[in-house]
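Below you will find the structure I want to go over with you.
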Amino acid sequence: MLKYVIQRLLFTVVVIFGVSILVFVITHLIGDPVKAMLPLQATDAQRAQLAHQLGLDKPIWEQLTEFLGNMIRLDFGVSWWQQVSCLSIVLSKIPTTLVLVGASFVIAIIIAFPMGIIAAYKPDSLLDRILTTASLIGICLPSFWVALMLVLFFAVKLGWFYTSGYGTIRHLVLPAVTLAVVPAGHIAQIVRFSMAEQLNAQYAVTARAKGVKESAVLLKHALKNIMTAVLTIGGMDLAMYLAGEAAAVEVVFGWPGFGSLVVDTISRQDFPLLQAEIFVVAVIICLINLIVDLLYAYFDPRITY
Amino acid sequence: MGLAQAAEDKNIILKVQNLSTHFFTREGEVKAVDGVTFRVEKGETLAIVGESGSGKTVTALSMLRLLKSPPGKIISGEVLLNGKDILKMKNHELQKVRGSGIAMVLQEPMSSLNPSHTIGQQIMEAVEINQGLKGEVARKKALEMLELVRIPAPEKRFYNYPHELSGGMKQRVMIAIALSCRPQILIADEPTCSLDVTIQAQIMELMKQLKKEIGTTVILITHDLGVVAEMADRVAVMYAGQMVETADVFELYRNPAHPYTRGIIGSIMDMKGGKRLGVIPGDPPNLLNPPKGCRFYPRCFQVQEICAQKEPVYTNIPGSAGRWVKCHFPLTDEQKHVRTCSNTPV
Amino acid sequence: MIQNKNLVVVRNLRKLFPVKAGFFGKPKSFVHAVDDVSFSIKKGQTMGLVGESGCGKTTIGRLVLRLLEKTSGEVEYKGKNIFNFNKLEQKQFRREAQLIFQDAFSSFDLRKCVGDIVGEPLKVHGLASGSELTDRVADLLKTVGLKPELMREFPHTLSSGQKQCVGMARSIALNSEFVVADEPISSLDVSVRAQVLNLLKDLQEEKDLTYLFISHDIRVVRWLATHIAVMYLGKLVEYAETEELFVHRYHPYTEALLNAVPVEDPFKRRERKILLGEVPSPVDPAPGCRFQPRCEYAVDQCRLETPPLVEKSPGHWVACFVDFHGAGNFS
Amino acid sequence: GARKEEPKPAPAPAPAPAKVRDTVIIALQGEPTTLDPQFPDDGNMRAVTDNVFERLLEFDGKTLQPKPGLATDIKKINDTTWELTIRDGVKFHNGDSFTAEDAVFSIKRIIDPAYKSQQVSYFSTIKDAKVVAPNKIQVATDGFDALFPKRMARLDMVSKKYVEANKDKVNTQPVGTGPYKVIAWNRGVDIQATAFDGYWGKKPAIKNVKYRFIQEGSTRLAALKAGEIDFAVNMLPEYMKDIPNVKMETGAETYWIRFNQLRGPMVKKEMRLAANYAIDRKALAEALFLGAASPAQGQMGKEGYFGYSSKVKTYPYDKEKAKELLKKAGYNGEVIELVSERGRWLKDGEVTEAVAAMLTDAGFNVKIKFLSWQEWLDTLFTQAKAPALQFSSNGNGFFDIGLMYNTIVHSKGSQSVMKNPEMDKKIEAARKEPDPAKRQAMYDELALYFYDDPFAIPLLTLKDIYGLAKDLEWTPRQDSMITVYEMSFKS
Amino acid sequence: MSETGLQDLKPMPSPGRQIYKPKGIIRFFARFEYNKIALVALIILIVIFAISIFAPYIAPYDPAKGVLTERLRPPTLERPAGGGFPHIFGTDQQGRDVLTRIMYGGRVSLTVAFTVVGICFIFGTVLGLISGYFGGWVDMVLMRVVDVVSSFPGLLVALAFVMVLGPSERNLIIALTVNGWMIHARMARSQVLALRESAMVESARAIGVSVPGMVFGHILPNIISPLITVFVLDLGHQIAAEANMSFLGFGVQPPKSSWGLMIGEGRQYIASAWWLVTFPGIMIGLTLLCLNLFGNWVREEFDPLSRKH
């Protein structure tokens, strides 16, 4: 187990190494930091001077080793845009996004489990069809669009919630609900289909044969067995959201989280900040994957590490 | 109904009458079980034999209404346990019958245990539900059951998950669970099917011993004529969803009355090599669209015109009480030199 | 036991499967699927290979046909090591040595009709095409007792017996000499089994085939095979002519195996001696005799050394230190 | 904490409390990157720092002329030297007095190349500054600089002592002399400021300011309507009918399209003229901007700018004439690339698309290409990459036409893609002319010349649209400053 | 031989199994008998594709040219003053017909999605085939690469590409492709792995079929269904990804338009002109929904792995 964790952490290092090289290639070989950094009126001399300052006139291998060296020291430099250490900017946004994504997952789970279980209880019934279709539609709607529709209706028309901003629950509700739609759909679907599968499994028949009530078969026997599938899907969604997939929704709701930061970073062409973002997110994704894998072992004793 | 009949009935613990279960699938209606009738006497071991797909498992599952529905649906019949029809029971009654009335050991031990609960939990659950015990007492009982099925180091195994057990052990645990229910009838559906030869032998031996120790009534489902020969008191033969013959095990091997039974007994491998094997030509019928009349007629060596038109009735062969057969022309004594004449089908 | 006129000779064959590799690293442990196995089959013989599940029967079958690469050892076919075949020899070997599957249906490409399936070997080897191909396929189907009209059918429309026959037709299409049959009947129903077994025997007589017949059912093997090799956990433990084996057994495992088979006759019910314990894992097995943990006759030596295969009586080989003798005819 | 604060989940945002309001909530489009006023060129920051810091001179909100600020007086000593008199009794928010030292420090800091201020180009003529008396400083320029006073109205004064001692705080805890002092900056949430008790000037009417950051225009509108905020910047014209209290004022930006006169189809004068006649500026201003923009008056600047010429008026919309000119130019339908960008200025993309449609209508074969900001900048500043047409916006920081001629028209100008040595000379002469009247006349001449031989399509002069709460009073300024100290609530 | 008696048997279809049967469009549609919703989904998809393909011929207006005075008109069934087809979806901020723009937008959205998925599909499948069939170190290296790339923060890397390359349709395709090929490689590989050990492949090997004959003659045709399933579902993914990027302004650039971009551009008018964002959103949702329904049907219907007795 410990060995497995260590192995996975090593894998994380490999991923980050890969990410770093990719970022380096993107920023140094494809893009031109000097151009992006200098004000409009910069002269060629100024450019050359900056290139020198940034070490961009050195041979590319030297630049790469330096770049990787800095990354190992977690030194991403100073954001061009905010003039603050990049890592601190990124880290300061993570909790904000965590609040949002966390809330949305709580909502998603509260909605999805009952939906999936009820649908699986009587497969192919009308209720099942309605719930399954609803969850599928949820998956298919683009979340930024859902965001706009919710704003239009609940904030602009009804005025129940704030249209945007950060601070209170009333700020949180709409973006969290928006972000909950897709994972809720995914989880409801996976719960519905794995649950139906589990209820047909031989062990469920065994349980019924020894006199276990149907409700107990469902909640005591089947539920634990579908958790790995739920974890897989949920973990993927979670990783995606934390990786900036929530950006569009954060932008719509003016949620000052990681996603908004990413969008700003891109529009301001802040290379160092982008490097820090990608780095942090790669770490987060790897950690989530690791946690999900470790949780598998909790729900499925067949899995050992 | 004479007095003798009544005395006999008293001894009968389970009576299945005209049970029909069909599957309603995309392709059509699969008549998986069609008018199955048999009875089980207290304390006996009844073997239900028949090849794959002949409807043995579906019969067993139908008796406890364990089939998934849809697509499965019990069309008709009654299943009388001690005179009470299981098919008409309310849900809570049914739950009482499941387990303590009839317990089942399912076909595949590999997938019949819940992978995420320890085997101890799963046995305890059966004990708690069916014996009304709780907590430590239930645990003790569960441990006893593990010992009963000869699982070494039960204290340790109690906390094992199914995947940590070998196939043979899983099957033992399945038997332990079934017995924890203290059933009046134990249905064992191919308990040795997916196991290795030596392990099969272990399980069979275990079942024989348990049967001696506890004396439950057993319905043994199998397709292995060797297992039947070794374990059964009486044999019911199924073919294409129907019972074709019931007989005492010795009778059946010596004097099969149905051509199908004769065929399968004839195809038993004579341990000495060389001789050609007795053959039943053709394949079992498709249950979506079974042959009209007798379902066996396309493969039967003594087929007559009537066989294709009229379904034979499952009747008691006069003179032998436990002997039933479903054939227009049950085999008579002269034809019963099974192993010699079965080699050359018409 | 290794003689000159042998068709197939297996010498010290060994196959290890890596169990689980680390992230980049080397595999840490191995399944000893086939471990130092030697035997030979003469032309026209049927060698029956029996043993419990996972003991390496299939692996041997695939090694002998070079569908798997060995770890060490050699397999000679007509006097030449098949693992050193050049392209041409390899192609010739593919024609002569064939495989019959447990579940023929799963070995078919479901997109192809019966004619294509049976004719594919001929096409691949460029032996026939056009109407000649059709004729040859029709002949083949007749040989296995099927109507040539089935050519245009798709495999899933066939009955299970027919499927198995189509599989056999495909296997003998190239005028094979040597056929490995890996549990060809175990997926079949009792009533269909006999048809296929009869066909196997008929084909052998007709075409002078040599079989390596793999099965875990010793009853079937006895019916078909001239010789029986008993395997346990990747090792050959006993080898003899069929009837000899049913009279004399010098390995406790063979005895247990024969005992475990239920007799299909209620009049012959008997007290059986049951082999206790389970088949241990073939992953990195402990030294010594593999059967020793379950063997009631085991002595200290069994735990320390691996018993070699020795000729106990002419043509009867056994790998056991103990002077065990199970006599008595099973019939 | 996002979760704790909410007291009651009321169904609708609470209406403004009855008691007199002392806090104004202003919604900016984005969060300032830093509050060091000398570093970035960032409108969001300026909205805050304009109220927190002051300059030696200040623009008059109506006339756009410099007037005394922290300096009470400005004098030209010679062609390259200016002298300013520092106001007495001005205090920084931390209690320190504002001195000549601070003024010199501020000037030197911003032109220091090591500091890399993004505003450095505004002060490119300044060479040095020194204290000459306790309340007098002298600033040296690079030749005569008519714009010097205006430059001073853009240079925020910081405290030497504070900046030097608190390098880590200058970005987030600004200390200025302005009417408001920043008391908290909750990153991502808001910036709060409160009136500075020790302010030397007139006390502001509103006690507290809270800046919030709402990127989406529609969200700002919704928030304004819901009463969540009192003041919203950069409102869309479409919102005007929904805004409780809308304020509009011509701003600094002029949209224009640059011709490439060095190569390609637009070298021909007729083509350039045709393009100018092909644009229906009125339709743009009225339909697209709903009146929140006015047609450019045949030149690149608005009334009030120095050098604005009243001698030229907007090009009439005359499609036929345009077509005629095209024919005259012998235009053969060659593809004319129009490079633009999106998202930087109000409806920039939409204007581009509409203009392209109009040009197409008149017979031009226009192909739009939207570039990323960086690429767009690159094509704007690299002569070799210049497309036939390029959309841009000119925000004249000093409200002086000369600046525009220098950068866009003069062949050495950074955005110039033309060569006209004769006019180059006139532009240089006008820049060096100290006499305002003469200078104006020279610019009139240039305007007339370029009306007939255009270097650009002047499109629209934009108006700033502000959304205000009903009870908020404020007069927008010509220089687009958001002056909280000039706001008040109706009681 | 006659004793086996097999000749006389008629072939009988075995019940409960759906197996590939080639040829015939009717047969294809007959497969929908038990999933009518999937059929509806397929028909809608065909309609959407057709509209996108033929947009230049059927769209009522010019997608680029608007009438400024007709800006932001709500949906109506009335003919506009100058005649022509009614603006049933309203007009946009330039006075262009929203319906027309949706038709053309779909063209772009689908082109991007098809291009991305097409490239990813070919690239990923070939890699997966190689990796799965040959195994060994090739497989190990390739799969490590897939693992590593899969752990990249996808959207961020895509954005990084767009940031340095500049937003455009082509760059968007590059960015999405870089992130999208792994799933196809994984799928192809896992299918090959499953098949490589199968009796079918072994049987082909036993009769001496060559490696290319095996990979392209036996393996590929038998794994194509699950690959197509992934193709269909990934198409939905990429449409969503394109919409997301374009919405943020980092994707398709005007004067071209895609559904995502339409929402992005229209969102500032949401309070006054709901139709600008509503209809493109519905189109995205509808297309995705239909792709999912159809993809699930393909999976259930053709995937040998989910085919059970």
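For clarity, chains are labelled A, B, C, D and E in written order, and residue numbers in each chain start from 1.
Following the convention adopted for this analysis, contacts are C-beta pairs under 8 Å (C-beta built on N, C-alpha and C of every residue); 3 or more make two chains touch, one makes a residue touch a chain.
All values derive from a computational prediction rather than experimental measurement.
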Reaching subunit D from subunit B through chains that touch each other, fewest steps: 2
D-E or A-D - the one linked by more C-beta pairs in contact: A-D
Subunit A and subunit E, separation of their C-alpha mean positions in angstrom: 23
Rounded Å distance, subunit A centre to subunit C centre (Cα mean): 53
Whole-Å separation of chain centres (CA-atom averages), subunit B against subunit E: 50
Subunit B, residues touching no fewer than two other chains: 276, 279, 281-283
Shared-contact residues (touching 2 or more other chains) in subunit E: 3-6, 9, 12-14, 144, 163, 249, 267, 270-271
Residue list for subunit D, restricted to those that touch at least two other chains: 216, 218, 222, 343, 374
Residues of subunit E that touch subunit D when the two form their complex: 64-66, 68-69, 71-72, 93-95, 163, 166-167, 249, 253-255, 265, 267-273
Contact footprint of subunit C on subunit E as seen in their complex: 1-7, 9, 11-14, 17, 19-22, 140, 144, 198-200, 202-210, 213, 218, 221-222
In the complex, subunit A residues that touch subunit B: 124, 200-203, 205-213, 221, 224-225, 299-302
Residues on subunit A engaged by subunit E in the complex (per definition of touch): 11-12, 14-15, 18-19, 22-23, 26-27, 30-32, 136-137, 139-142, 144-145, 148-149, 151-152, 156, 240, 243-245, 247-248, 251-252, 262-263, 265-267, 269, 274, 277-278, 281-282, 285-286, 289
Subunit C residues touching subunit E - in the complex, by the definition given at the top: 21, 23-24, 62, 65, 67, 90-91, 94-95, 97-99, 101-103, 106-111, 120-121, 124-125, 142-147, 150, 153-154, 156-159, 161-162, 165, 170, 173-174, 195, 198-199, 202
